[in-house]
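Order of writing sets the chain letters: A, B, C and D. Residues in each chain are counted from 1.
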Amino acid sequence: MSAGSTYGNIFKITTWGESHGRGVGVVVDGCPAGLPLCETDIQAYLDRRKPGQSNFTTQRSEDDAVEILSGIFEGKTTGTPISLMVHNKDQHSADYSQIASCYRPGHADFCFDAKYGFRDYRGGGRSSGRETVGRVAAGAIAAKLLKELGIRFLTYTKSIGPVSVDMSRFDEAEITKNALYMPDAAAAAEASEYLKKCMQETNSAGGICECVITGLPAGLGDPVFEKIDSNLARAILSIGAVKGFEIGDGFAVSASTGLTNNDAFCMKDGSMSKRTNHSGGTLGGMTDGAPLIFRAAFKPTPSIASTQQTVNRDGEEISINIKGRHDPVIVPRAVVVVESMAAVTILDALLANMTARLDRIADFYRKI
Amino acid sequence: MSAGSTYGNIFKITTWGESHGRGVGVVVDGCPAGLPLCETDIQAYLDRRKPGQSNFTTQRSEDDAVEILSGIFEGKTTGTPISLMVHNKDQHSADYSQIASCYRPGHADFCFDAKYGFRDYRGGGRSSGRETVGRVAAGAIAAKLLKELGIRFLTYTKSIGPVSVDMSRFDEAEITKNALYMPDAAAAAEASEYLKKCMQETNSAGGICECVITGLPAGLGDPVFEKIDSNLARAILSIGAVKGFEIGDGFAVSASTGLTNNDAFCMKDGSMSKRTNHSGGTLGGMTDGAPLIFRAAFKPTPSIASTQQTVNRDGEEISINIKGRHDPVIVPRAVVVVESMAAVTILDALLANMTARLDRIADFYRKI
Amino acid sequence: MSAGSTYGNIFKITTWGESHGRGVGVVVDGCPAGLPLCETDIQAYLDRRKPGQSNFTTQRSEDDAVEILSGIFEGKTTGTPISLMVHNKDQHSADYSQIASCYRPGHADFCFDAKYGFRDYRGGGRSSGRETVGRVAAGAIAAKLLKELGIRFLTYTKSIGPVSVDMSRFDEAEITKNALYMPDAAAAAEASEYLKKCMQETNSAGGICECVITGLPAGLGDPVFEKIDSNLARAILSIGAVKGFEIGDGFAVSASTGLTNNDAFCMKDGSMSKRTNHSGGTLGGMTDGAPLIFRAAFKPTPSIASTQQTVNRDGEEISINIKGRHDPVIVPRAVVVVESMAAVTILDALLANMTARLDRIADFYRKI
Amino acid sequence: MSAGSTYGNIFKITTWGESHGRGVGVVVDGCPAGLPLCETDIQAYLDRRKPGQSNFTTQRSEDDAVEILSGIFEGKTTGTPISLMVHNKDQHSADYSQIASCYRPGHADFCFDAKYGFRDYRGGGRSSGRETVGRVAAGAIAAKLLKELGIRFLTYTKSIGPVSVDMSRFDEAEITKNALYMPDAAAAAEASEYLKKCMQETNSAGGICECVITGLPAGLGDPVFEKIDSNLARAILSIGAVKGFEIGDGFAVSASTGLTNNDAFCMKDGSMSKRTNHSGGTLGGMTDGAPLIFRAAFKPTPSIASTQQTVNRDGEEISINIKGRHDPVIVPRAVVVVESMAAVTILDALLANMTARLDRIADFYRKI
């Protein structure tokens, strides 16, 4: 609670590290034994959150080479904790004297001081985006395991500032072709122009990320406090800069009607199906077998080069200019973080679901 | 996990009960000792979720008289679990033969069968709105305790269908004057007309609920997985029919810019303050001292009197008509449920926050 | 934490109630769906902790008729929380003015005041043996489920005061024939004489309870903090009056040697077996397939009719005489409590174990 | 659950690592901010579990130099997770072909295979004593914090094989003077002779460790499942090779009587006190202000040089000789592990206790 760096009930991840300590990492506990896993599997995910891939992400040099410190033997998970670490580089170089004493607008500086009495002011400390390295490393493991069970994640940028993807032009292959991870080349081009303008104006942009999960069995999640919706919301809102979460039609349901919003059940190829998917793949907190769809709203990058009004530790009103290179938008780099948190959440629900029925438990133990 | 009926880390609530069992209830564990508490305190909250208060809530007779079964001695909480129960009435009267074998669109019937192999099909079983009786009873306790610390909750209906409150006409006193709990008499009147039309068309409406929390100290919540935003999102999405959650400017931040969205800090009456509150009272997962504001989007009531297409347990496509009286909109009765889940979440964060600093811990133990 | 009335990770029990409130009970959450269950199943366990069955248990009238309030439909568990309650009787009759203001030796009175500022002084409040009603009701469910999987519990009194069972005379059928639950008629007779003497001297006796669990698959438990030994120890030490726990040869191993204490593995009927069972069925925190054996040491009943020295709330040294009828020994009535806590712990480990291996998880989901 | 490498509710530790991976470590989450902490503080504890300090501990070279990877800024804890790591050395050198295919008696080899399908057979894998490096590193932090609040731990070897400390000769200063950590020079000399004999006979010895905790406020712990006794038992039984736990008079209470065992309360220097301390400092699961005393029984080192009978993975009965140098007794090196687990448990209870009373909570928040 007090620091709250552990997430998950069965597949449990504990992240650690600040932007300017020796490194960042994660301990993944409760990973089932027997999953083939090597550093390359994890690196592939980490590389998706790397900066420097376009004009719109920071040019800082971050190698982010992951090391597996425990939990793997002869190329497979052993069931014991998997400790993963990425070393920080050049963590002593910058000059943080300015932000040491003042509270940056849109950042957690003031809240850290209020809660803990002081803070590690270098590069955002624990609230740095670098904390997500641990989440993504864990997410890579969860996603690999889920893939073996036929469950896939498709995550992309849905909008940046006022520019939204036109879903009629949706092209999955396009997602990795543009630096903004948008499934629509035209929207990506337009958003790029918008971001250039933001940068010229020393301003920044927000955006929306969407995630679609397919291959889910029905019945994952629980009817009350462990609803799959509830746990996904928690997971996604735990990502810095997220201010909203919605599942299926989300906020739009508030203006819809029951006749429109209820998804009629039907049979398709001998299986239960739904004619529509307004619910986004969940009913009563459990998966309904349809694709699970959710969105997260990200606020504009709070670090902007413009002069801003604020207050310092001595309670004096001052003006500040935050130096350094900053992403004008968070969403593209956050796409893999969203996917990772979703993967950890889904895997946890999938494992929990194994104990729901006595007949299946009896069948499980009859064979061992 | 498997049923997931416990919520909270320190102030921990465990709800139980179905719509047609002997009753519904909650065990509240971890409530600090010394809070004056009687059944009237809890009944006042429960009465806010009562049906039958207007044309737009069901006319079922539910007395919902709460009994305190444990945890109180000489009018005060003792620190031991507070068990609260409300008996169900007339739970054997209805004819559920139709829904026993088929899956109602928009309901969890199919998911229950997929997960558990069968279900208590009477009146929604565990997914019934009656489950929230336990949440509201617990929320009444949390809110009473928080009130003693100067923390207040104001929760109301923000919109119903296409009709939104005009915030320039916001009138707190109006909230309890209209049956829709709207802080704007004109909007309430317009929404009433809309709901009448829905009922005539055997249709239903969705809506949005907003909650404003004042008096919070800065620093509640944590920087990573126990963000106050994250736990509120989880709490609110655990309420049936909620499909979206947003805090502060929420989804609107995605189209905003850093210059607009960053709240400048300033001094006010010698204390830290902010010139705006786009963040909704939270930065980096911790309260920033400004009012905490969030919204929940509710889907339209899935139970509608119209004929709908669905599938039965034998995999046959069929038409159904769901009998019985149903609320055409969920939001007004859910307002107190949202407030209750928020109160439990805030209290839990407030208790957890006590262990954040060694100097305060040392001070605490020096005196006892 | 603060009150700590929840136990278990997946099969989770939450007890509530004091000796003199309206009742005592338990919410069992996470019970798999499909277990046939009725009140008679639970009553049979509760009856084993009933007083008044011999001269050595209190003559208080306690019917302890259990009511199932939720979680059962058509005679089977539904996977949702099972709420169980037993009403208290005659809870207002006694005169507690004396113990209201003074601290009984051997009781928790002083600690309650130190922790919570005041206490429910009637009949021990939350520390009353009546709290175990909830544990036993939950244990009855866990044991019934485990029985369907071939796992059995045999629990009995191993010693009372200086009188120990002679294991060469061990007779399982004898356990339920004598009021002390001893598997040795001669020891039971001798212990009875000892207890009569204790009662004449207004004194009380301690004792040891032993539990043997058979039919366990190998591999339950985990290698580090969730060792089966560790969780059993926690479960058993959570029973009031228990001051020691040992598994297998227990404290005797401290004087043994590796050559003696190591159990040689062997093959028996084509399966792995051990020639001896000094380990008590657990190695490295996991079950090894041999019977799991543990013991709990109970202190003498602290409520004795003799005059004792103590202190009152005003800090004055005083003498007290505790009135009322008290069991001269706790063990016989605690036997079923020990068994119940063991059953809950074993079931929880058995459910957790289902997620240990990817091949078994893949097999599980392939079929549904 | 599945791997169970996290312990503690508020002050939460997560250990990771095997004997032959890249290293071992721990993430300490929930440590209050503001504790001065450097690597030297932790190293002092780790050095107490170092081998090679006498003839009776293994001569393996283990530097165990700890690195703090996160959570410290300007010499103080920041409230964020403290990641600690010790690199393993020479982890690829040994020949483990023999134990790869067979099950060592007294070890967890068979259980690992039963649970996970295979195991990291090098040097005990996750069940290696090296896993305790993480516990001790965490314990050093907990103990340092508790020391600032006036709480001290004294932990020592109480017996080895048949040789027990004579408490009338108890000499605290002696503990660190002999290699066995015994507070009685004569007993240490006698135990040394006994161990020499064990080694000559390729045998090993068990023993008992005792821990005394002073300076505890009354009221830590809770009345039901979070009893301080219960959590200490869990913590201590989670240490490999522990087969028994007792608090206060422990198993001896089973043969005592109420008149003897009840500790009379009295006043001493104006404060509540007890004339005796049979309870070992806890009543009803909460500290009573007297020193907390508990003991742990350790089995003889299972790794012995003698030929033993066992079974291999193919189900064939075989003889094995386990090569390598092994401690003839575990207790001396385990003393600091016991102390560390106790420190983590006590600190967790101390933090949890802060939320027990509304008056103290109100007082806490009034000042911030």
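The rule is simple: contacts are C-beta pairs under 8 Å (C-beta built on N, C-alpha and C of every residue); 3 or more make two chains touch, one makes a residue touch a chain.
Only a predicted model underlies this, so the values are computations on that prediction, with no experimental measurement involved.
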item	value
Turn needed to bring chain B onto chain D - CA fit, degrees, nearest 5	180
Taking each chain's C-alpha mean as its centre, the one farthest from chain C	A
Chain A and chain C: spacing of chain centres that average the CA atoms, whole Å	44
Approximate Å spacing (C-alpha centroids) for the pair chain B, chain C	38
Numbers and ranges of chain D residues touching at least 2 other chains	1-6, 9-10, 15, 30, 32-34, 79-80, 115-117, 126, 217, 223, 351-352, 355-357, 359
Parts of chain A lying in touch with chain B, wherever the complex brings them together	1-7, 9-10, 15, 103, 105-108, 110-112, 114-117, 126-127, 131, 159, 161-162, 198, 201, 203-208, 217-227, 229-238, 240, 242-251, 253-267, 270, 272, 275, 279-280, 283-289, 297-304, 306, 308-311, 315-317, 352-353, 355-357, 359
Touching residues (chain side chain C, partner chain A) in the complex	9-10, 30, 32-35, 77, 79-80, 145, 148-149, 217, 223, 350-352, 354-362, 364-365, 368
Complex interface listing, chain C residues touching chain B	1-6, 9-12, 14-18, 21-25, 27, 29-34, 67-74, 76, 78-83, 85, 115-120, 122, 125-126, 351
